[in-house]
Amino acid sequence: MAKESLNSEETTAMLHLVADAIIAAEPLLSQADRDLGDGDHGIGMARGMNAAKEALAAGGFSTVDEPLVATGKAMMSSMGGASGVVFGTVFRGGKELKGSNLLDSPGLAKWLQSAADGVMKRGGAKPGDKTMIDALVPAAEKAAEVQSLSLPEAVTAVADAAEAGKEASKAMIATMGRAKTLGEKSVGFPDAGALSMTIIFSTMRDYICS
Amino acid sequence: MSLTQKKLINDPLNVADELLDGLVDAYDGECVKVGRRSIVKSNIPDNKVALLVGGGSGHEPIYHGLVGRNLADGAACGDIFAAPTPDIVLEATQAVNKGNGVLFLYGNYAGDVMNFDIGAEDAEDEDIDVRTVLIWDDVCSAPPTEKEKRRGIAGLVPIVKMAGAASQTATSLDQLEAAAKKIVLQTRSVGVSMSPGSIPATGMPTFNIDADKIGLGMGIHGEPGVAEIPMTTADELTPMMLDLIFKDFTEDPEVESLKPGDEVVFFVNSLGSTTMMECLICLKKAKQFLNERGVTIYDTMVGPLVTCQEMSGISFSVTRLDDELKSYWNPACESICYSKMETITA
Amino acid sequence: MSLTQKKLINDPLNVADELLDGLVDAYDGECVKVGRRSIVKSNIPDNKVALLVGGGSGHEPIYHGLVGRNLADGAACGDIFAAPTPDIVLEATQAVNKGNGVLFLYGNYAGDVMNFDIGAEDAEDEDIDVRTVLIWDDVCSAPPTEKEKRRGIAGLVPIVKMAGAASQTATSLDQLEAAAKKIVLQTRSVGVSMSPGSIPATGMPTFNIDADKIGLGMGIHGEPGVAEIPMTTADELTPMMLDLIFKDFTEDPEVESLKPGDEVVFFVNSLGSTTMMECLICLKKAKQFLNERGVTIYDTMVGPLVTCQEMSGISFSVTRLDDELKSYWNPACESICYSKMETITA
Amino acid sequence: MAKESLNSEETTAMLHLVADAIIAAEPLLSQADRDLGDGDHGIGMARGMNAAKEALAAGGFSTVDEPLVATGKAMMSSMGGASGVVFGTVFRGGKELKGSNLLDSPGLAKWLQSAADGVMKRGGAKPGDKTMIDALVPAAEKAAEVQSLSLPEAVTAVADAAEAGKEASKAMIATMGRAKTLGEKSVGFPDAGALSMTIIFSTMRDYICS
């Protein structure tokens, strides 16, 4: 039964599923990073998500920002690498929802806007640089656009936007991160971090819509 | 030879922590482990301007092997091929800080910059003075006009050697920062790779390359470089690589061209399984190339100091010296990565 | 990863000569090439009791990389995995001799013994005083009662380090010979290998080993050791190797057992493509093992110093120190193979 | 047409053929050394035999000992390794024939006895240690036994004895040289140096008997 909004417990449950999905996708993510980078993206994300699960399991969250921020902090302090900061920043963007008892469509839009701004500010990459930003920014923009829709509708649109962004990243030339100078040889492969973004959003969608 | 390198490890997900413990052991008390994964000298003098290095593990003996006598005061170590977390950076910074500030000196990778920057912000919240000098010696990773996009590769060893010496006498963080910037500016490298290393946790190679190809300009994680060229001889490849370094000194408006009379520290690095034999054969040709251009080798470094597991490949690094830089090169130093006696000057 | 290591060389039959030229270049004038294939220090003081090392090439940075400050005075270098000819030995001997005799210090292999012996006879015909001390640290190559059958492996690095220091102050060949014998007697090693290196001239591996096996006690050319055991972890293998060293000290009537309070130099050597990461992980376990037995590590060496091309494997070497041996260990030394600063003594 | 004795020119011609045969057998000899030792025996022997061919081509030999000794010296000073000394000593054993204008059956016996004594004295190995001595000593003993026979008959017997010795080496346990500690695992493979010895003798036989 689709959920119109999530309380902190449901948000926590959803993040557990997100973590499991990323951990399960480790070989896929590592392969994607092998094509363009140094092949460790899946390992790093799995390390971060295992730490996140521990933090989530510790529980004690009263508002929806808390499990989001706990996830981000756990990733930031366990992963290292580019994605530790980048994905840590994504989830820490949930601090915009401070005090909210429910995560709804406008909340989703707020969180993702903060996430996208934070990542771009921290890492200096822009859309088109073939990073996870190419999945995150379209997702954030879509979330803003659809914030009047129901949460299931909104998150479905967001997941689709991220997916389209990840697909679009295939045609881009990598310039950031480990893949810096692959240049034109990077064309045809999706960015590993963008792939992670799509797994995160599609898992959220599946939880919210089910 | 088997297809997959057989590695003597325990838990493949735990190699970074275990190797750091081993490294601390190797220092026989001279260094201690600090926080989650930093290694720090045990006896940093009060008021010393501190030098902190760091980066991902898996490239041993760098980066953490560069902590030592007349070298770095500490290193913040990440997991395999992953920058250290901000927490680790902060812990290392707190430990090396002796009241006169800390210079962060590390390779320019997105992950490292982001994590060290957050660590620096956290340290500044505690009133620790932090400056950052990035190492970007890989001339194949971006044009000289976009140095901020360049990677740090093997040049970091002579750079940290000299910055370490400079840090012994620096009286302010300003002074050490200026010295490090100058050393970095004069250091340029070019790498090649013939075959990948493998990630301990997955057993998978970090990249693929055809059996008859060399990746020219390839980075230390196998980041592709300027071209894939057919496998060739040491004598053919060496001038191609050095030409790229000379070209860079020429094209970069921030430095003079390499010219007759210049003195350099020359470093032939193996990326892992390339033998010292090969490094020396390349060195022979390189010395001839430099001689023909009137450039004198002041001192030579050779060996597998900046590796990527069992990757095969080499890199050349050139640091042009002036009297100031010589004064940083000459002193003895000792660490697991690189040691020397004091240079005998005539 | 490709099946055959791609090597950066020129003529595969000429690698030994080219690498020696490169090595001489690496010394920046401190050493010169002598005769067919020897490398000799340029400034050996008159009347110094000379120390000559040598052996086959292909194991770089040894043997010829051990010529240097406070180390060997010269090295006679053979072709890949082949002892130097008697002529080469003679040429090196003539060059290092400063009137007070020459100590030959090299690994115990049939080929080396025969060639060095003929070289020694030829040198004695020219009234050069020559003594020979063989290195036989590999405890897996024969029982302690048949030391004359034992091979010399990685222990030669600490041995030459200490003999080099002893040679600086030795006033007679007798004295240096006695010191070298004492150092050799206290040095014991055990090696393992997981995969072979390849011979540059043939591109072929030096031996075969199953993908799931480790050769325990294997020599640096892949000479089979005491057993082939299933591939295992660093923490399982390390005690097995150290047990063999402890057992040897116990069973050899010529030395005391390793006992609580003993101080040792401990050396973890990589045979080539085994990473520093792995060496450090093994070192962690080894230190724990030694600690449990009350044996203290006085100093640690770690790295790929005695290799066999891209062979994978490690060895441990233990040298038990007394005050005399410490006095040989403490001084600084510098060479392409191994450098250190003077040990800080409390 | 079989030769009853060889003058110095014929001895030189024979040694050229011996050198060619060893050079051609390089892969075979290296493989044999790979099975038991460090895999370089063929390379070393080829290096020595190429040096020997140069020395032989320089010529100027008046007696049969001279090309033999020149071959031995060339090997000794070019090869290094165990086999440089060992095979250098074998051919330098020809100095026993100093002043001889002809190499005949008694001369062959004298040479090989000196060769066998020289190798054993230098290297300390004995028959049964799984070295080239296990081909050389039977060959020397056979040569002494058959010195009253014609040179073609004698050298044929010598080559057969060396071959039998090499075959017998398969059953031996290696204790010398690089193969020192293979121990029982060495059983079944012939010694590489013994293989070289048989190639040398069979090439001599083919030259003398043809």
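For reference, chains read A, B, C and D in written order, and residue numbers begin at 1 within each chain.
FYI, contacts are C-beta pairs under 8 Å (C-beta built on N, C-alpha and C of every residue); 3 or more make two chains touch, one makes a residue touch a chain.
Small disclaimer: the values here were computed from a predicted structure and weren't measured.
Asker: Going only through chains that touch each other, how many steps at minimum separate chain A from chain D?
Answerer: Steps on the shortest route: 3.
Asker: Can you give the whole-Å distance between the Cα centres of chain A and chain C?
Answerer: About 54 Å, centre to centre.
Asker: How many angstrom lie between the centres of chain B and chain C, each centre taken as the mean Cα position?
Answerer: Computed value for the inter-centroid distance: 28 Å.
Asker: So what's the Cα centroid distance for chain C and chain D, whole Å?
Answerer: About 32 Å separates the centre of chain C from that of chain D.
Asker: Using the touch definition from the top, which residues of chain C touch two or more other chains?
Answerer: In chain C, 205 touch at least two other chains.
Asker: Going by the touch rule set out above, what shape does the chain contact graph take here: line, ring, star, complete or other?
Answerer: line
Asker: Hey, which chains are touching each other here?
Answerer: A-B, B-C, C-D
Asker: Which positions of chain A touch chain B when the two form their complex?
Answerer: 27, 30-31, 34, 37-40, 42-44, 47, 76-86, 122-123, 125, 175-183, 185
Asker: Can you list the chain C residues touching chain B in their complex?
Answerer: Residues 1-10, 15, 18-23, 25-28, 57-58, 60-61, 65, 69, 194-196, 198, 200, 205, 211, 214, 231, 233-235, 237, 272-284, 287, 297-300, 302-304, 307, 309-310, 312, 314, 332-334, 336, 339-341 of chain C touch chain B in their complex.
Asker: Can you name the residues of chain B that touch chain A in the complex?
Answerer: Chain B reaches chain A through residues 13, 56, 78-88, 109-111, 114-115, 117-118, 140-142, 149, 151, 199, 201-202, 204-208, 217, 219, 221-226.
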